[in-house]
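Sharing a structure here in structure tokens format.
Order as written gives the chain letters A, B and C; numbering starts at 1 within each chain.
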Amino acid sequence: MVAVRETVETVHKVAGEKYKYGFSTDIESERAPIGLSEDTIRYISAKKDEPQWMLDWRLEAYRRWLTMDEPTWAKVEYPPIDFQSAYYYSAPKQKAKLDSLDQVDPKLLETYKKLGIPLLEQQMLAGVAVDAVFDSVSVVTTFKEKLREVGVIFCPFSEAVREHPELVQKYLGSVVPTSDNYYATLNSAVFSDGSFVYIPPGVRCPMELSTYFRINEAQTGQFERTLIIADKGAYVSYLEGCTAPQRDENQLHAAVVELIAHDDAEIKYSTVQNWFPGDENGKGGIYNFVTKRGDCRGNRSKISWTQVETGSAVTWKYPSCILRGDDSRGEFYSIAISNHYQQVDSGTKMIHLGKNTSSRIISKGISAGRSSNTYRGLVSVHKKAEGVRNFTQCDSLLIGDQSSAHTVPYIEAKNPTAILEHEATTSKISEDQLFYCMQRGIPAEEAVALIVNGFCRDVLQQLPMEFAVEAQKLVGISLEGSVG
Amino acid sequence: MLEIKNLHAKVGDKEILKGIDLSVGAGEVHAIMGPNGSGKSTLSYLLSGREGYEVTKGSVTYKGQDLLALSVDERAAAGVFLAFQYPIEIPGVTTMTFLKAALNSVRKARGEDELDAPRFLKLVREKAKPLNVADDMLKRALNVGFSGGEKKRAEILQMSLLEPSLAILDETDSGLDIDALKVVADGVNALRSPDRAMIVITHYQRLLDYIVPDIVHVLSKGKIVRTGGKELAGELERTGYAEFAA
Amino acid sequence: MTDAARTFVETYERERDGLPANGLDWLVALRDKAIADFAASGLPHRRLEDWRYTDLARVLEKATLSPAPSRQGDMAWPDASAIKVFDAADRYIVIFVNGVLQSKLSDLPVGVSVSSLGDALSADWAKVLVETRVSEAQATNVTAINLALMRDGLVLDLAKGVKLDKPLHLVHLAVDDGASHRRNLVRLDDGAEATVYESYVGAGATNYFADVVTNVSLGTEARLMHIKVQDEAADAIHLATLTAMLGARSYFSSFTMTLGSALSRNQTFVRFDGEGAEAHVNGATALRGRQHGDQFCIVDHAVPGCASATLFRTVLDDASTGVFQGKVVVRPHAQKTDGRQMSNALLLSRDAAMNAKPELEIYADDVQCAHGSTIGELNREALFYLRSRGIDEQSARQLLISAFLDEAFETVPDEAAREGLRALAADWFRLTLKEDA
């Protein structure tokens, strides 16, 4: 079957296009001593000039972590992680505190420029504010002043700890408690930096906020922590991008993201995750263990997760919504592409607690090469949650006979007024579709991209414009949205 | 334009075409008629390059080059167009997106510049209008949920956009009522030109009342058994294929 | 170890030398190992993925688990609708009391062998069937209890090409309290055909544990239709495991109607061993009170070109709980697989709950697999529509629920049984409606 082989090769090219972000930046760093101990945590806390309560919180998490076991329920396999052979803090050396971009090491600006993220405000797309996190620290946050004018706080997490302790103390760990799970607990102990966002009541954030995470140092784990609070009636759209250099070793990334939406507030959170996936033989790549959870705390609040997952050797990630407020809504839109030896176990949880809460899950998994791609999701309706609605659609596309696709949904209803619908399909790119496209003159490679693009359409449409282009490129498409 | 010589082909172990000779010149419209299983669709797939058909003997020359040596998309770029009997559905890919991908691929291969969105849109609307293809249909996923008539009109629209040199219409009348058939036939007739050859494959004479061929061939058991003028179609309508099937 | 688990182990120690077919060394060794494995792992608990929705250990703690007495002789024939459901069919009847075979059939056609477990275990094929255990062990170690303690069961062996002329109806009566462990072996050689009905009813016993394992093996082009009605006594615990190994182009269809027991779990494991085979695993469940019913089903497409379809319809009233856990596995190279799976549940009451986990595990690309699950209440608009046409609410509800279950009954290939199942569902409504009134 010539066409089958061609298809497979084509998709390898499309999905496995040489990792463009594999370079590393030669920059002088300071690092915590290797390994993990209470001393490591004290070191990180001291570096960040943290108050005692923050250090205590970390230490408590660390002590709890020591008693926990690594979870094994996900459909991923990897050798045991040696937590003592990694660095937990690495920061580019620079002058104490930056007041303006002029003081940022030009090498760093160059790095971000190469990643397609210009940090100089005059070069930027209007309407996007960026927080750039390099290894363990935030190097710069743009448009801070402009945002402050409307009362929006957008700053590195470590800065928020110092300058907005009352907000941090009130919300940190209120969605993902330190005891939540193995990796979230580890993160609570050693998290380095990340973004903090607070949108005051009634404010619609005037621009997209985004954070670009970059792992640069070898042997270094990244443990960022993001906390976003949308107060009553507020709105924010937040974008997150991730890349890392190409290295032979596996590096650990264990992030925690907490979202809180009060009455009538809305948070839209989009991710393009493109950590280094490892090479075609499965060597190297990021282990990505992420806990993302949103709390629709207020009535009529809404949290929407959109993710395009193309990177990482191992992905373990379930952005979830706790639908606590009445009439609140949760959404999860996902594209997960795996190739070569990548393993993805991702999905969502929709916990319906409030009345008339609704949720929608659209998941598109594409597995090529020898990869494994699992959707794992929970829809749970509690006893007092009247009038709940959920619709779930999980589709898998298999490319080549060496890859695998799995669907593991849990659907639990304890209230009779709920209407829950789940459907899932598995298919491959058909020979007939390819032939049809090629008969119209479209080369095989583009035909595959076109068909994959069509398969993912429902999710791609959810991405903000700023990210759509990058995502489309990653998915291997070229024409979506240009006409019609 | 197209020269088929002693073409033998098999699918799996079964020989379907047993020595086809056919010469189609620019500006000509040839009809190939025949009973079911005579090899009509095999011929159309073989000319467009679908896999699974093995040529065991003979040759196909198109504009002086060996057509069989080209890949499917290369043939399309060279101007070979197949209007499918059963156009395939491609979920999520809008007709518009698809048309643009196809047109620009073909233009690129011909060394022409790619059309930008406004120019493309204008062109499509212009071509779509006489075929009664509304904007709404262009925004829907390709062939998904299209009626029989919509599918065939979409095929002719693609033909009109891609401006092929050799168009092969495979059972274009199947599944169409008389009104839809007229629209499609008008579309095809509008594309008749001195530089373009067409091969119309059909089981029934009905289509040929609207697309009047210059030459009619009868295909039976993998061979062309009779060739004549357009009146041959009428004759077949009266006598049926019985004499050829025997 | 829990008290319940200890009871099983102690029963084994006490009865070991009196169990059937004790002269077979391989069987004794297998039993010893089974009970040792069970003693090591204990009863399944909810931390095990396959048992997350069903707490068997907890309900077994309250059950009478010492062996139910072995009876022979005339039994009063209970007037149970779960037995009468098959009355429309001319059939052979085999009766089990407390899990022990009562009478043997005499008028069987040539090539058909029906016997009790103890007599059949010496056959080589029985050894293979019992030892293979398909993939049952992966979901549960509870079948180890059955393996160790199995006392009787039906063995149906059809030779090549033999078609059983009438359905065979197994009637399982629970007359005394206690545990009964039975194992049925069904082997249909190439081209053989049979229809097997099963009825499980309480006939005097109230507190009992009915444990049954059925091992099925189908040869090339063999066909087996299996229709089971479970209407055990209200406080009973019913645990059924069916394993089926399907030969090339064979056909297997099973339908389970679940009405009885305080807690029931119906486990089905299908494995395709030959290409071109077809399996249907369907069922309907209607529960009320505090009943708990669990349908667990794994279909393993180990070879290419097979088709499987699963449909379970569940209706839950009062504070009952329904569970559907299904998995379609498509192994590497099992191309051209068609695997479908659907669970639909209706919640009729405030306190009812449903848990569904339909899973796909796919390692081949050229496959058509789909699953779906819906959970909801009766369609209010449909109810309103019917009432606006003058149909009273109770009748409208019954009409809609009947229609809902009927789609499951439609999958039953046996006309006589299908009608019986519909009647059974109607009985269930009458009781529900009476309570509601």
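Here, contacts are C-beta pairs under 8 Å (C-beta built on N, C-alpha and C of every residue); 3 or more make two chains touch, one makes a residue touch a chain.
Not measured: the values here are computed from a predicted model.
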Find out how few touching-chain steps suffice to connect subunit B with subunit C.
2
In terms of CA centroids, furthest away from subunit B sits chain C
Provide the C-alpha centroid distance between subunit B and subunit C, rounded to the nearest whole angstrom.
56
I'd like the Å distance between the centres of subunit A and subunit C, where a centre is the mean of that chain's Cα atoms.
44
As a quick test, compute the distance in whole Å between the mean CA positions of subunit A and subunit B.
48
Quick one: which bits of subunit B touch subunit A in the complex? Just the residue numbers, please.
48-51, 71-73, 75-77, 81-82, 84, 87-88, 90-94, 96-98, 100-102, 105-106, 109, 117, 120-121, 138-139, 141, 158, 162
Would you tell me which residues of subunit C are touching subunit A in their complex?
49, 332-333, 335, 345, 347-350, 352-377
Per the touch rule, the subunit A residues reaching subunit B in their complex are 1-3, 430-433, 435-444, 446-447, 450-451, 453-458, 478-480, 482-484
Sort out for me which residues of subunit A touch subunit C in the complex.
73, 396, 398-428
